[in-house]
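Here subunit A shows up in two complexes: once beside subunit B, once beside subunit C.
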Partner chain A sequence: MIVGADCHPPLPGYHMFLKGKIVTASMLDDDAITDITERFEKRYDANIDFTVEINSSIIGGVIVTVQGDVYDGSVRGRLKSMREQITK
Partner chain B sequence: MDENFSAVVPMFSREIGKELLERVKEAEPRSSVSHIGVVISAGDGIATIRGLEGCRSGELITFDSGAYGIALNIIDDMHVSAVLLTSSEAEPVTQGLTARRTQRVLEVPVGEAALGRVINPLGHPLDGKAPLRALKFRRVEMEAPGIMDRAPIDTPLQTGIMAVDGVVPIGRGQRELIIGDRQTGKTAIALDTILNQRGSNIYCVYVGIGQKNSTMAALVRTLEDAGAMEYTAVVNASASDSAPMQYIAPFTGCAIAEEFMYQGKDVLIVYDDLSKHAVAYRSMSLLLKRPPGREAYPGDIFYLHSRLLERAAKLSKEKGGGSMTALPIIETLAGDISAYIPTNVISITDGQIFLSTELFLSGIRPALNIGLSVSRVGGAAQTKAMRKVAGKLRLELAQYRELMVFSQFGSELDSATRKQLQYGERLTETLKQDQYRPLPMAHQVVILASAVRGHLDDVPLHDVERFNAGFLQFMIARHSRIIAKIQNTGQLEDEALERIDECCVEYKAQFS
Partner chain C sequence: MYFGLPTIVFYLLNLAVVFVALRFLVYKPVIRFLKKREDSVAQMLDDAREERDKAQAAHEVYEARMEQTQKESAAILAEAGKSAAMRAEDIIAKATAEAAEIKKRAERDIENEKQHARRDLRSELADTALAIAQKVIKREIRAEDNRRLIEDFFKEVG
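Coming up: the complex of A and B.
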């Protein structure tokens, strides 16, 4: 049975299908995408369908968005966190 | 000179460079996890957002358009309703916009930077000057001081208004409500109190809620002209601002005042007025689909005002000994102080100053209704000198009021009653005071001493005002030492009182 993303947590016996987005600075190969997908599917215990977007302004790394949670592992994000620490 | 300077500059830049290098080495690049949501509907100042997992009640939300909101309704795991705090800098919030959690509560800039400024509830400047350079931010919602952190109120807050300082004295750390119909002089009392704090180390905060912009502009102008803006901060959410902004305004002012209080200073805060604040909160709650209660106000309307006013206190020595005195203002309709919101706030505050339209129109200004006004702190908030002369004022005026009713029947009155009436009339006349003319404590004591000791009994009623003014000038010119002693020590010895009696007789002789 397919249950939409609005049902949270899912009822027992049902399986969730989610949509996610990966933003990367340069093309990712299939292995990398599969790796990310598996990790997040395990974390959310659901099927996740990722779309990949290329945006060089993040400089490097990836930003993964799933169901309202944003995992910012980009170089731009890390530089921002460093700037905040330095200028505190 | 130049050589020294150019030798110093590389030294400084070496120092700064070293510091920066240290910080860069210590900084750790971190990835972050944030929670976002999508606006699924926006309108009437409310945005309904889907997502924002883990969002907490009262959390500050930012939108990609630059606007801010506060999540006030947590609908279920996936939906949140946030009220929008509009600011002219941000574009409107629309459906489809991304919303982010900040994991923080609304904070505003506080500190000395706020003095002399007019700001909106978010801390943005409204006076056309540069943005506030505040070193510190403070949450708008904070817990009130606990019982053990408080000390009894023992120091007067001089309003400069004889009727108030004599009959309903206010202490530092007290909450005294100013309540009355429209146009009875409520704001005037608050304003005179602020003006009277000149030279006294007391900082003031004036919060305008739902006022006309023109009124606020005139008020700020008055404060500037009197030099009061040096020690006053003004927070304004006018009638044209959204309901959430009007809702936040008093809390912003409270945060600014609280910061000074915890630094050990004495602060005065005026909330003008909480009636409009209640209406704004009602609008917001109804739009948030919260269940309406009595008069359509939400069920937590009492809590709204109680948590605001409980933050005004006198702190113990261990906590710095600072204080925040609150003067909330409530507007009644047709003098009904038993209506919902007025009774709520009366039960929260430590007394009220009730201003009556009848008294105002009959020329008694300040239009203080002494029978219905009270200060629950009372004598502890008065100097010994003032207590000595004003102690019996309330009782004497109450007796006068009872007799006044009889005199209206035109019945033949015995001489004792007539004397009592004359005395009461002159006392009432003495308590009248012009706006923008606050009086120092010693001056009040001198005037009240002469009135209370019966020296006015043979002065014609229409001359009482002129007599009092003249007598005060006489004392300042010829007997300034007595006045200085009262002002500096706060005491009025019996000898000094006798001297004042003598001076009164002396002045009366030359008074025509």
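Coming up: the complex of A and C.
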């Protein structure tokens, strides 16, 4: 689930250095972190330096924040979305 | 007893004198008194007649006024009765309309309350169900589940 401002990939050919944050419920292995980094670097066409934060309240999945854009792939986020659907 | 002519004449003279004296001393005053009395009584009768006539006239005026007043009262009562009937109809019509409005409002409020209650119940149920799901998932989630979640996340993000 993508939350936040519109996804605005940078102009092609222009490489930026960005900071990002990965929030996860339990420690991810290096492969998973690399995977996430590569995908978002491709998406933003920039080098992204991710910090990893452990927060068990998200239960599972990840929440990735880059440049103010929040990508919520957490279990907590999905459950919240389900609740909104039920109570609509 | 022997009554000679001089005695008779004397007695007759006495009688005449008494008669004349009575006539002047008693008869005329008495007549005058009686006349005065008669006049006074006649006057009183006249006055009484006059008073009676006045009373009669006043009574007639009173009767006429009473009749007029009664007619006016009857007219006012009739008018008031009509107005009261019309007012009563107005009041009933207004009350009926108000009652209908109150009923409509009450039905609307009840419907709103029902919807609120349904929403609240759905929220509560959703919260309870999700709290349970959260607990279960937290307990049961494994590393490979987490990995699958991340893969799904990549699919969504693109």
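Annotations
As a convention for this text, the second predicted complex is superposed on the first by the 74 of 88 C-alpha atoms of A that agree within 3 Å, B and C clash if a C-alpha of one lies under 4 Å from a C-alpha of the other, contacts with A are read in each partner's own complex, and residues count from 1 in each chain.
FYI, a residue touches a chain if its C-beta (ideal position, glycine included) is under 8 Å from a C-beta of that chain, and two chains touch if they have at least 3 such contacts.
Computed from a predicted model, the values in this text were never measured in an experiment.
More residues of subunit A lie in contact with C than with the other chain of the pair subunit B and subunit C. Using the contact criterion defined above for the overlaid structures, shared-chain residue A:Val70 touches subunit B, although it does not reach subunit C. Shared-chain residue A:Met82: touches subunit B and subunit C both. Looking at the shared chain after the overlay, A:Ile54 reaches neither subunit B nor subunit C. Contact with subunit C, but none with subunit B, is seen for A:Ala25 once the two complexes are overlaid on the shared chain. Within subunit A, the residues touched by subunit B in the first complex and by subunit C in the second are 61, 71, 73, 79, 82, 86.
The part of subunit A that touches subunit C in the complex is made up of residues 1-2, 24-26, 28, 32, 35-36, 39, 43, 56, 59-62, 64, 71, 73, 75-76, 79, 82-83, 86-87.
Contacts from subunit B toward subunit A in the complex involve residues 20, 23-24, 26-38, 50-53, 77-78. By the touch criterion given at the top, residues 6, 8, 61, 65, 67-74, 77-79, 81-82, 85-86 of subunit A touch subunit B in their complex. Against subunit A, the residues of subunit C that register as touching in their complex are 119, 122-123, 125-127, 129-130, 133-134, 137-138, 141, 143, 145-147, 149-150, 152-154, 156-158.
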